[in-house]
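Here chain A shows up in two complexes: once beside chain B, once beside chain C.
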Partner chain A sequence: MSFFLRRIVHGAFLLVGVSILSFAMIELAPGDFFAEMRLNPQLSAETLAGLRQQYGLDQPLPVRYLHWAKSVARGEFGFSFAYNTPVAPLLWSRARNTLLLTAPAVLFAWLIAVPIGVGSAARQGKWDDRIASGGITALLAIPELLLALGFLLISLRTGYLPTGGMISVGFSELSWWGKFKDVTAHLAIPVTVLTLGSLPILVRHVRATMLEVLQSPFINAARAHGISPRRLLFRHALPAALNPLIWWKSSLVGRAWDRCCLRPFWGATFTW
Partner chain B sequence: MIQKEIESLLAVQDLSVSFTSNGRQTRIVNSISFSITPGEVVGLLGESGSGKTSIALAILGLLPSNAQIESGSIRLRGRELLGLGERELQKVRGKEISLVFQEPGIALNPVLHAGQQVVEVLRAHNSWSRKRCREEAESVLDQVRLSDVARVYSAYPHELSGGQRQRVAIAQALVCKPGLVIADEPTASLDTTIQADILALLKDLQQRLSLAFLLISHNPAILQKMAQRILVLHAGRIVEQGNASQVLREPQHPYTRHLLACVPQPLSEAH
Partner chain C sequence: MIKTRTISLPLLLLGFIHLMVLSAGFLAPYDYASQNRAMPFAPPTTIHFIDSHGEWHFRPFVYGLLDQPGNFGFYNEDRKHVYPVRFFVNGDEYKVIGNVNLHLHLFGVTEPARIFLIGADGYGRDQFSRLLFGGQISLFAGLLAASLSLVVGLGFGAVAGFYGKWTDETIMRLAELFLALPWLYLLFAVRAFLPLHISPTAAFMLLVLVIGLVGWARPARLVRGIVLSAKERNYVLAGRNFGASDLYLLRCHILPQTVGVVLTQAALLIPQYIMAEVTLSFLGLGVGEPAPSWGNMLASLQQYHVLISYWWMFIPGVALIPVFLSYFLLANALQKRLKLG
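Right after this comes the complex of A and B.
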């Protein structure tokens, strides 16, 4: 229990540190949001100075940070100059889309990778392990972009799945079930590509960790107690292997979030 | 002859084991024969590398894949174990012959509760209810004289002391009431005082449950306390065997004499 408490306090400090650093790093870049407006001859220098003052950009960095921190404490995460609206709703709607895409992708990747990795490790060097490893290596060699293009091409030719967007025209008139089907159809290709993209490294990781655990003395001991191979694999070896894997899982969520999704979804908010 | 065969619980005959590494075959166990009768404690004395552990693993069919059994026979109550299928061997392991490992620290699964690990052995050999398994496991943990059974049951191995871990490992070995327990250096990794406790426990359990023991050790003092009969193993061969006090007091083979001379303090009189 105290472990969790310690971790949470630790996490809180980390968040504060990261927020200060990001605040400071944005400051490192020359100019601010209104700098570009100087090029506009219709705006006088006084107007710009007035805008700066209104948004508090004339104040020193620590003061601005404290202002921001105070608003975070109230549950407001800032104000988008570009959209002229509080930033939280903007972020949440994009975060929802991001989650809708990455959560199933991560889930499927794990649901597929664990059995393949465990099975491969259990039958190390046998024909089925070789086939699985070969397939996984081939998949690793194919760039995600190519996979995506391939799927898009197929769906274009067959017309079976939508190739862009999140929802169809007339989405709001669909029934609850119709909406679900529509979003699922739109998510099918991106989720498949994301899943296949993270699969190879995940499978290799599961396999390697399992191989290591299977050679450990406690697995030998369990075998000496007459525990069946299947139980040995899933009840004894897998939980022990999961420890390092959980670390990986959490990092994978972050990576998927960052790599594929922030850019098209969140990214748009910040590149004005 | 036939009479003798039936009497013995375990009969190993002419067993030879060799290991292959880098294409070279090395014989580790060289044509050894011995038998253990029910309830008997046999000590296997030898230094590290003499093939002690290989014998233990060969009996349970757990030799690594680079080891071959070249010849011999291992009979449990007259039934040949060599050549049995994996499934049949599973029923023997833990149920009829169980193994206590040298280092309980690494022989217990780090992510399973201690009690659960005892239950796992039970589940492998019985189809009892969860509740019954738990009760049985608790009673065995009590039998190995763990003081706080409830706490130990739901503790992870890293939360237990070395002595407690070895008691849990012993509980695992005893829970299915095997006829023969092979203990491979069961006290080598423990402090001296805990060593004495564990040995006393093993002796007590052995007498109470009339277990047969194959006790493997490099330490003559431990075997003197426990064993009725001693086999002296040197370079994969049994160089001397006999009544424990006789072997330890009047060693016949030069290797045995050498081994006994290496023990730091003089052995106390056997009782």
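Right after this comes the complex of A and C.
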């Protein structure tokens, strides 16, 4: 119990620390939301100062942080000056898009990695394990950036898949099946790249933990009972091996999320 | 059974690549910034032995380029003149360590022809020369940033593990904070905070500092674990009873135990950090023009016509593959050796 309490307190401290640092990071960048309006000749310096005062930007950083922390406690994450609305709905719609991209990537990576990892652990050192390991090492050595560029090149050359944005023009007129197909086509390249990017690490971990579990006494005992190899692998060894891998799952979501930061740049690039 | 070959092969390959990159000035036929505005996106130069009359030349030669009329960025060979490839020629000036100016290049062709082994970029700059000079930045950014992370991580990890109690608690909480921090945004913020145009050297140092300082947490946690177990060993306790100072114990008895982990971490971190530099320069946040880095060389692929027309612009990305492969093989071999003790 005390362990959980301690972890929760640690987590809370971590959240506060990260939020303070993020706040400080934003402050580090020069200018604020109204800095750009300086260029507008119709706005005087006094008006801008008034706007700053109205939105509380003239107050020192700690005061603003406390204001923000209070609003978070009320369940509001702030207010967007640019869109003139609370920021939460804006965040949700974007988070949904990000999840639409990362969730299939993580899912596919697991669906492919677990059979490959289990299979090559079961046949350790045999020819198929060697081929799988070789392929995985090769994939690990290819930078994700190059993969992304390569897939873009292929889709541009073949004209088969769209290369930017998330929906086509006239999306709203499509039937639900058409909408599904449209979004799938747009997500195909980024999801493939994200999947291929996280696949090799995942396979290596599945294989390593499976190898460890397969050498443990309880597997030997089960084998001695005459349980079939397939059942042994998937019903006895895999659950035991998956336990440490759950941690990996959570960290991979974060990683995929991080990769998505690159996606807006792609979007900006290919709107010629 | 560890075959020494598994460690020495990637080490040899890495040594070879780094040596090539370090001697860029000599191996590259041109300066990384020397432009040929008349030859944007010139393709890799074909090296001939037989001329248009069917005559065999003992010395390899190249042809000059003629624009394809109405077709920007595509060329025909001008078969009228033959420009032989010469070795140990004088060319663009370059500096070697200690600010010695040299002009000697391994190979080159007579002006006005150019030899582009792997093509030219949009300003007609030789990709091969830029690849070599860019490797100096990309590879050494990874190397320096990783050493920085490891030194900081080793220091913090050792102190946390050795002194324990609140020191340990503070440092480990700080480490968690750094693990949770999205470093991409940190870099955006730091980059935005600095003036718009900073010199390539300053950008390089900044990149190394930020990437290196953000990543100390993982090695610190690993080192701490080893120090925790090492400080309870009998010989350490004996040393303490003989009156050895903390510093002596750390230096002579405890830190040598962490060498394996630190080396393995280095082999894992360096490719990550090289990739970080490449990604950032690709996005325009890293080392800026005209200094080349493998990242900002790839950046021209963000343009549609470059992406689909000029395959040689992908080469800086392809060059990363052997580097990454050797680091991974090295990390694997080190890890295996570590497990066996």
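Methods note: the second predicted complex is superposed on the first by the 183 of 272 C-alpha atoms of A that agree within 3 Å, B and C clash if a C-alpha of one lies under 4 Å from a C-alpha of the other, contacts with A are read in each partner's own complex, and residues count from 1 in each chain.
The rule we apply is simple: contacts are C-beta pairs under 8 Å (C-beta built on N, C-alpha and C of every residue); 3 or more make two chains touch, one makes a residue touch a chain.
The structure displayed is predicted, hence computed values, not measured ones.
In the superposition on chain A, contact of A:P217 is made with chain B only, not with chain C. Contacts of A:A82 after superposition: neither chain B nor chain C is touched.
In the superposition on chain A, contact of A:I131 is made with neither chain B nor chain C. Applying the stated contact rule after C-alpha superposition, one finds that A:I142 touches chain C and leaves chain B untouched. Looking at the superposition, the partner that touches the larger set of chain A residues, chain B or chain C, turns out to be C. Once the two complexes are laid over each other on the shared chain, residue contacts for A:V9 go to neither chain B nor chain C.
With both structures placed on the common chain, the touch criterion links A:L152 to chain C but leaves chain B unconnected.
Of the two partner chains placed by the overlay, neither chain B nor chain C lies in contact with A:L43. Looking at the shared chain after the overlay, A:L66 reaches neither chain B nor chain C. Residues 173, 176-177, 180-182, 184-186, 188-190, 192-193, 275, 278-279, 282-283, 298, 301-304, 307-308, 314, 317-318, 320-322, 324-325, 328-329 of chain C are the ones that touch chain A when the two sit in their complex.
Chain A meets chain B in the complex at residues 216-218, 220-229, 231, 235-236, 239-240, 242-243. Those residues of chain B that touch chain A in the shared complex are 60, 62, 86, 90-95, 98-99, 101, 103, 106-112, 120-121, 123-125, 169, 172-173, 176.
Of all residues in chain A, those touching chain C in their complex are 10, 13-14, 17-18, 21-22, 25-26, 28-30, 137-138, 140-146, 149-150, 152-153, 156-157, 258, 261-262, 265, 269-270, 272.
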